[in-house]
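Below are the structure tokens for one structure; questions will follow.
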Amino acid sequence: MIYGITGNTQKEQLWKPVGELIRWMARQGLEVRLHPDVARGLVARGLLSDDEAAALTAHDLAAEVDLLLSFGGDGTLLQSAHLAGRRGTPVLGVNIGRMGFLADVEVEQVREAIRTIEAGDYHLEARMVLEAELEDGPVPELPWALNEFVIDRSGLAGLITIDVTVDGVSLTRYWADGLIFSTPTGSTAYSLSAGGPIVSPECEVVILTPIAPHTLTLRPIVLPASVEIEARVYTGGQPYVLAADGRSQLIHREGQRITIRRAEHTVNLVKLPGQHYFQTLRSKLMWGVR
Amino acid sequence: MIYGITGNTQKEQLWKPVGELIRWMARQGLEVRLHPDVARGLVARGLLSDDEAAALTAHDLAAEVDLLLSFGGDGTLLQSAHLAGRRGTPVLGVNIGRMGFLADVEVEQVREAIRTIEAGDYHLEARMVLEAELEDGPVPELPWALNEFVIDRSGLAGLITIDVTVDGVSLTRYWADGLIFSTPTGSTAYSLSAGGPIVSPECEVVILTPIAPHTLTLRPIVLPASVEIEARVYTGGQPYVLAADGRSQLIHREGQRITIRRAEHTVNLVKLPGQHYFQTLRSKLMWGVR
Amino acid sequence: MIYGITGNTQKEQLWKPVGELIRWMARQGLEVRLHPDVARGLVARGLLSDDEAAALTAHDLAAEVDLLLSFGGDGTLLQSAHLAGRRGTPVLGVNIGRMGFLADVEVEQVREAIRTIEAGDYHLEARMVLEAELEDGPVPELPWALNEFVIDRSGLAGLITIDVTVDGVSLTRYWADGLIFSTPTGSTAYSLSAGGPIVSPECEVVILTPIAPHTLTLRPIVLPASVEIEARVYTGGQPYVLAADGRSQLIHREGQRITIRRAEHTVNLVKLPGQHYFQTLRSKLMWGVR
Amino acid sequence: MIYGITGNTQKEQLWKPVGELIRWMARQGLEVRLHPDVARGLVARGLLSDDEAAALTAHDLAAEVDLLLSFGGDGTLLQSAHLAGRRGTPVLGVNIGRMGFLADVEVEQVREAIRTIEAGDYHLEARMVLEAELEDGPVPELPWALNEFVIDRSGLAGLITIDVTVDGVSLTRYWADGLIFSTPTGSTAYSLSAGGPIVSPECEVVILTPIAPHTLTLRPIVLPASVEIEARVYTGGQPYVLAADGRSQLIHREGQRITIRRAEHTVNLVKLPGQHYFQTLRSKLMWGVR
């Protein structure tokens, strides 16, 4: 098993544990490759020599390793998942900072986690992914999302109108700030803030949650993951935002078809014994805590 | 195809259309059987002779027919579904009164609907059903539900505590007026009133929606339909209510295990061309109407 | 200043601090009177002699003292407020157990609180109170409420219909499990569980919050405290529940007028320096805590 | 009584009724002045001669008339209210298009409304107004709002942090898309979409409603209208949006103090007999409609 290391290079608390882990892995005879940004940062802080960096830096990290260690929070894990891409390289989220939904191994426990993985005592959770396509062509920034796609008015514009059809049948017209198309994985992220339900990751569904809908009756709706959704946005001449996993882009042509469907690939999260989704709900959301 | 007729005998507008339909079906050479209460009501109103009633009344309606026509609203359709029982006799809801989610053929269209069925131009929607079991034994009133099971404080008692485990793993502790275990079919009924999401009927999930939870963080959660749920209710000595599809019973022993899981059978709704769930959402919930 | 002591006699942790406080107050030369149940409980536990009990027990506690110390949680404070009654005797909530909204002095701090009061360093918060009247006569159990009145279906009945008029003008028809008429003080209690807003206690308003309304558009509404509200409940022959501050009673005659308006008296809460409502929100509701 | 006419000049259905009304008012001997844009539009459509336009066009409409007739919807009425400004000129909303909350006289009824006003059979509703001030100086676009101020992330940015103090006491830290500071009048506008309560216009309160808060416990809060609110926004370097009654502007310096308080002036709406707020709720929001 070759391990790849990536992480949130903005966080100062990244460097020391990663530096130590690399030494420890070398002593254990475990193979490791580094994301170029991680290698550079370690060298800059004197935690890695230039020679070591040259030996360990990957050109295409996700292609060269069997498992990605993602050091950071949920935002970093989303980036690592996009780095793994359609290749499906398994990802283990190592949390630095506040506990995350996706990054659920604490940094202090990473050696123990690697030992457990080496012992084969883990499984992969294949998380469903959505992909989107514009009538004008592919979505340039991020063509797929582990958490959600969001159609959103841009900040200075007013309400937008979003016509949605599902498998060719008209669903409804949303008049709102925006509309979230969420996977079960994303149900505890933005969709929850906008009033959507919590959906456990094994459910084969997609959730449509409106943001500040002008119409009181527009509740979140849960649809089978097999559907093909088409949305058309009308803004009265303003550009609007299409965001995937938090990365936003402006769309200028209104009325064009946006198609959203389940992608063929999945994001494969490494799960260790004793990690449980409900436990994460309780500790992260204070769900049910009094 | 033998048709069975059942309905809401409390509604005066039941009788005339049913009486006329029976004559019309006789003229068409279509076989029909009547629920005893329906037969009695028709005779009492002079719409059927004693001889005809004797010939048409069924002893065990759901066993003797190929398709049940349920005249009434959604409440009547739930009763017809329970009449069909585990046998799975298909049910067509014929609406008298306000439009329903389940009873979605209008009474004026019933002849046309029967012609369409005779032409084979229909399909069955197999709706998932939940079943419940008490540690003390089977649930006496209604052991399964098409819409939902509800655990509820009785009217004069205070908040109740409900401990829930899912497949043996602790989910959370609810401190609330009650807790709804809803099917997708039930998602537009009581669960929606309590803040649950709309879930389209093809989704293979169960929805847990708390009623007036004391804890702000307790949002509705959607789980895969394959789970086995255990609930234990603590009330401080008061009885509490267990309701299935709106039929309530008092449970006196607190702390006993209530097991809820997907039933093996389904309720089979007859769907005709042109009927669409999203259309019903819009017309019934004024969903998205401005 | 004569102090009265009342409290939750169901809680074993009541007795020791109260016994010690009485001794301490005697040493300080502070006058104290005891609720009969408190006196009896102290004697039974050997924390007070019969003679002392005879000397300190009040016949009509709220009439004989200048300030009530209420040992317990929010439920106990509601009872103490009703003990103070229309007389308006100031009440200080001393919390034993989980922190409360109303009982916001911790039991360890009670001596310091009394010293502060003796130094005159406190103020009274006059909390608005609602009163209710039935067409058939006064509400037998509790004619007024510091938190809320609730109209509720009884446990085994279905939805109820509640027609509401405000100052003689039709407001709307609720079709729901129930309807809460809350004061600002009650806004963080049951009304919040049912989806109502938090309303700071100085606001001169009453909040109407439906419980599980069948109609998606029925949001909570905030009205001026000066209004007179009339409600009529229709149940189809079932009794229904009218509760005041958590004490429930069955009402049998449906359709009768229930009048709810601001009472002339207030409940006067003793507030000490450094206690702040927003702080209580954060610590009690984990409001805004991440 | 001199009447001023202003309106939504984007709507083609404005011109004919306004042209006819001017003729009718002339015949009745009623004095009228026109907003320059309205005069120009009427001339361009041949509904007014150049001479008439010259005679009727106002230089400063709100200063020259006793009452403003605002032809349009709620958006137009907000503009007319800002045209009336701190002067407090009474405004009557004449609705063209969908029924509005604020514009509640239908265009067909405008002559009857004017007769009623001439007979003195009307009253003014003084609607409370909020004003805002930046630490860096006055808010350039709109310094006060009849409906609401909104602090909002700009479209491409992520969540923003908003620290709020009330009368110098820390309320909480919002981590959300935005935060709405609403008057009672605005409670049925954007605040309602974001989950806020309906607040009847006589209530002397301000409502803080978060937009898609990341924290589940952050419910809307209602505060007395007398408070002074300070907000500081942190975005990590992005500009953010401050909007007043729907008019948006970008604020570039994060962390600066934004002060929001009740303004000294009010917007004075002309109300005719038979118009009732609850009726508008029912017809506009379908509030309580089944």
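So that you can tell them apart, the chains are marked A, B, C and D in the order they are listed, and the count of residues begins at 1 in each.
Following the convention adopted for this analysis, contacts are C-beta pairs under 8 Å (C-beta built on N, C-alpha and C of every residue); 3 or more make two chains touch, one makes a residue touch a chain.
Bear in mind that the values here come from a model prediction, so they are computed numbers and not experimental data.
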From chain B, the most remote chain by mean C-alpha position: D
Chain A and chain C: spacing of chain centres that average the CA atoms, whole Å: 47
Distance from the mean Cα position of chain C to that of chain B, given in whole angstrom: 41
Junction residues of chain B, two or more chains touched: 192, 214, 216-217, 219, 285-287, 289-290
Touch-based graph of the chains, sorted into line, ring, star, complete or other: complete
Chain B residues within the chain D interface of the complex: 98, 216-217, 219, 286, 289-290
Contact footprint of chain D on chain C as seen in their complex: 166, 169-175, 184, 187, 192, 196-200, 202-205, 207, 214-215, 217-224, 276, 278, 281-282, 285-290
Partner chain A, residues of chain D touching it in the complex: 152-158, 176-177, 190, 192-195, 211-214, 216-217, 240-241, 246, 248, 250, 285-287
